[in-house]
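Several structures are given next for inspection.
Both complexes below contain chain A, partnered by chain B and then by chain C.
Right, the complex of A and B next:
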């Protein structure tokens, strides 16, 4: 896995680091100027969206990496089938893939944290906690998506899932504005999404603003997704790869 | 299957037709293709992204901006400011999805145009026909988006009509330029440049904040970006504040379309009939 990344890292840097930094600058500095004049948030707008953007970047990478590359390993280059011919078990492959996912999201998260620090958007030393939060968010999303990818044979749905679930999640789960401003039905959709819980936690870590629910509740919710997702993925992987 | 069937149809109608009908046959090919595959789902779903941004940034973040005063003193609601920007983005993306990504697939991957020029079709007619299709797709997005804007009270029907023409011109400009770009591309990876440029323009081309509020160095670059020209033109119309500077916007976009199309059809000539 890591060996193949060495060949394609340029494109990854572009989408997982340059784009979020551009959004941070574009929204934070220009639109932020107008938001700050209203003073509705209590902190500069750039500082407000920065932890949210970090979480939403992690979420997008975790979902995308659990879709196309994994589909490729099952169907297109059949890397998993090569692995299964060795003494590896399906569950070993799943664990390896999940561990790679954690690494894959940790690097952009860490570099984004550095950029945030440079812009003075990190108000407390607890800011470093966004890294474990990012890992938890990765685990909570990638398990479910891995299970889904392992149970289908065509990548047609991926683009639509991204457009109709992932993009709306990044736009409405409290990254750019508080979910309290949403109509009730949409607000509940945001509460259900793992991203909203991670955004609340990241914001608590970097700004010290208390989160909507107690920290343990947010963490617990993400853990439920992670554990359930892993269990689902484990079954699907065994079904797909076990003779 | 579909390709063979369509190629036959294109060939048949082209045999007894003049240049206009031959061009229309190329456009018609895509209308047939859309009915035969999941392509239509992709086309329909492309409409939603700018709409979601309108709701999230325009209305959601707009809720945090109590009063929004433009540098010339006009007071607008933030959603009225963002909506025309998203319309321009939608026109740009609708056109580029066709003439850049799909066009490249048909040119290099499924070799559709090699089949087409084996009929009496000329490369120029293929280029115009494809651009026509991109415009149809773009105009469907624009009409739907403008209807939404009218429903939300962000513009009036009277101003939506000229705004529709401005959006079509935007699609034509990006369509021509994008097609020229994709005849130069070597592989899918080169499209990263295009995606990055689109993304940067999406954020900075006066879509979410007035260009006048940018630092001077950035402002010079941004003001002459094609999307900025389109956003200013469309915004002037949907907010009902026409200005003389819009003549420059129209000329800019018109020139972009003409130069792009000219260059694209010359390149097609070279690639298809060496």
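Right, the complex of A and C next:
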């Protein structure tokens, strides 16, 4: 995977980076113009949404990369089946895929952080912490999605899942507005999603705005998803590639 | 057998739920031989290969590869064998050469060695000029040759090939056979599965005939033909007429006859003499063919069916 990234990294940086930057600038500058007039957030709107956008970009990449390319490796080009004929075991393949996932999101996250810094959206040196937070978020999401992909044989559901799970998750995770603004019933959907926890942590890192829960609680929640997701994925990979 | 067999199976069984794919087979493959599993689709050949390749655990029975137990020592065994699976599984994001070098890394082969070996192997399968190309645009035959090259990257003692020329055009098939023959000459032990009798006859020193999960015959191609068939076969076609009546009228000619949907086969040691008898009986077949017996005839005799449905 690393070898192929060498060839495609320019495309990856462009596609998974340009769009969030455009949103950042578009929303931050234009919508921000209106929001900042009210001053309710305490910080410029662009600065407010930036860490959330970074987290949600990482989330979308992690989910997408755990879906189609992995299904391809199982079913369409069967690259995994080729690998399993070597000394590699299913768990080795999973570990390789998971490690690649961390690298895959690190580059766009770092690029985004640079843009944020250039626009003055990073108020503290702790802003660099968004990178390990992004890695943790990647781990927390890719595990469960890899487990899902390993258990299905058609990509029909991917587009649906992306549209009706991932996009709403992005909209309701406190990226563009505080979740406190949501009615209680909907707020719980945010609290459950790993993305919200990552957004809280990222915002704390770049703006110094205390997160809703202690940092350890958010980190712990993401770790639970990561560990449970990995274990589920491990079983599914063994089942799919073993028999 | 004085030498330890590379593959040793006794009563090997593979079940998927209620379906039994491999129903208790005994196999021994000696080092240096080219061994074949011949049988129609669904005979259990691929399931057997997957067990030998240590990617599928046996349901029952004994299986030892290179003297080791696949369930306990799977990765160790896989490190010493090469596998060319039935379906293509090359990495489309890598170039031809990268498919070899990256795969070599899975065996812990150092990068420098991997690069050298990749160049050698690409030369062996005659793909050197495509080394920097993507895998996508390669023809089926080229992809298969690349997969064979990949199977050799760890200099295996044993190479498993599951239907190596299925889906290839005749020219590609001959090139693959030629390369496999070279491998054989180098002393690599080959095990292949096929439903092509010409492939089995050309490549295999010894083979087993499989049908419905069982082994129905075993021996060299020559031995099998001698044992289960006659020297020659006369094929008789009678236009669109129903063939059963002709079968009766052919009684006594040759050793036996076989009725197929579109022709009658008469098994005899002297085809021309049998054909003369056919004409002598005033039977006028639309077309006739006298040919030597093949493994197809062996399979037909043993199972009553043809190799290719």
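By our rule, the second predicted complex is superposed on the first by the 235 of 243 C-alpha atoms of A that agree within 3 Å, B and C clash if a C-alpha of one lies under 4 Å from a C-alpha of the other, contacts with A are read in each partner's own complex, and residues count from 1 in each chain.
In this section, a residue touches a chain if its C-beta (ideal position, glycine included) is under 8 Å from a C-beta of that chain, and two chains touch if they have at least 3 such contacts.
The structure presented is a predicted model; accordingly, all values stated were derived computationally and were not measured.
Superposition model on chain A: chain B and chain C are shown accommodated side by side without a clash. By the touch criterion defined above, A:40 reaches chain B but does not reach chain C.
Look at A:130: by the touch rule set out above, it reaches neither chain B nor chain C.
By the touch criterion stated above, A:182 is placed in contact with chain B alone, chain C being left untouched.
Partner contacting the larger number of chain A residues, of chain B and chain C: B. In the superposed model, A:30 lies in contact with chain B only, and not with chain C.
The angle formed at chain A by the C-alpha centres of chain B and chain C is 90 degrees to the nearest 10. Touch criterion met: A:242 reaches chain C, while chain B stays clear of it.
Contacts of A:166 after superposition: neither chain B nor chain C is touched. Taking all C-alpha atoms of chain B against all those of chain C in the superposed arrangement, the shortest distance found is 15 Å.
Contacts from chain B toward chain A in the complex involve residues 38, 41-42, 45, 48-49, 52-53, 55-57, 60-61, 63-68, 78, 189, 192, 196, 199-200, 203-204, 208-209, 213-214. Across the complex, chain C meets chain A through its residues 53, 55-57, 74-76, 78-79, 83, 85, 87-94, 98, 102-103, 106-108, 147, 150-151, 154. Chain contact summary for the complex, chain A toward chain C: residues 1, 3-4, 7-8, 72, 77-89, 241-243.
On the side of chain A, the complex with chain B involves touching residues 11, 14, 18-19, 22-23, 26-27, 30-31, 33-35, 37-38, 40-41, 45, 156, 159-160, 163-164, 167-168, 171-172, 176-177, 181-182.
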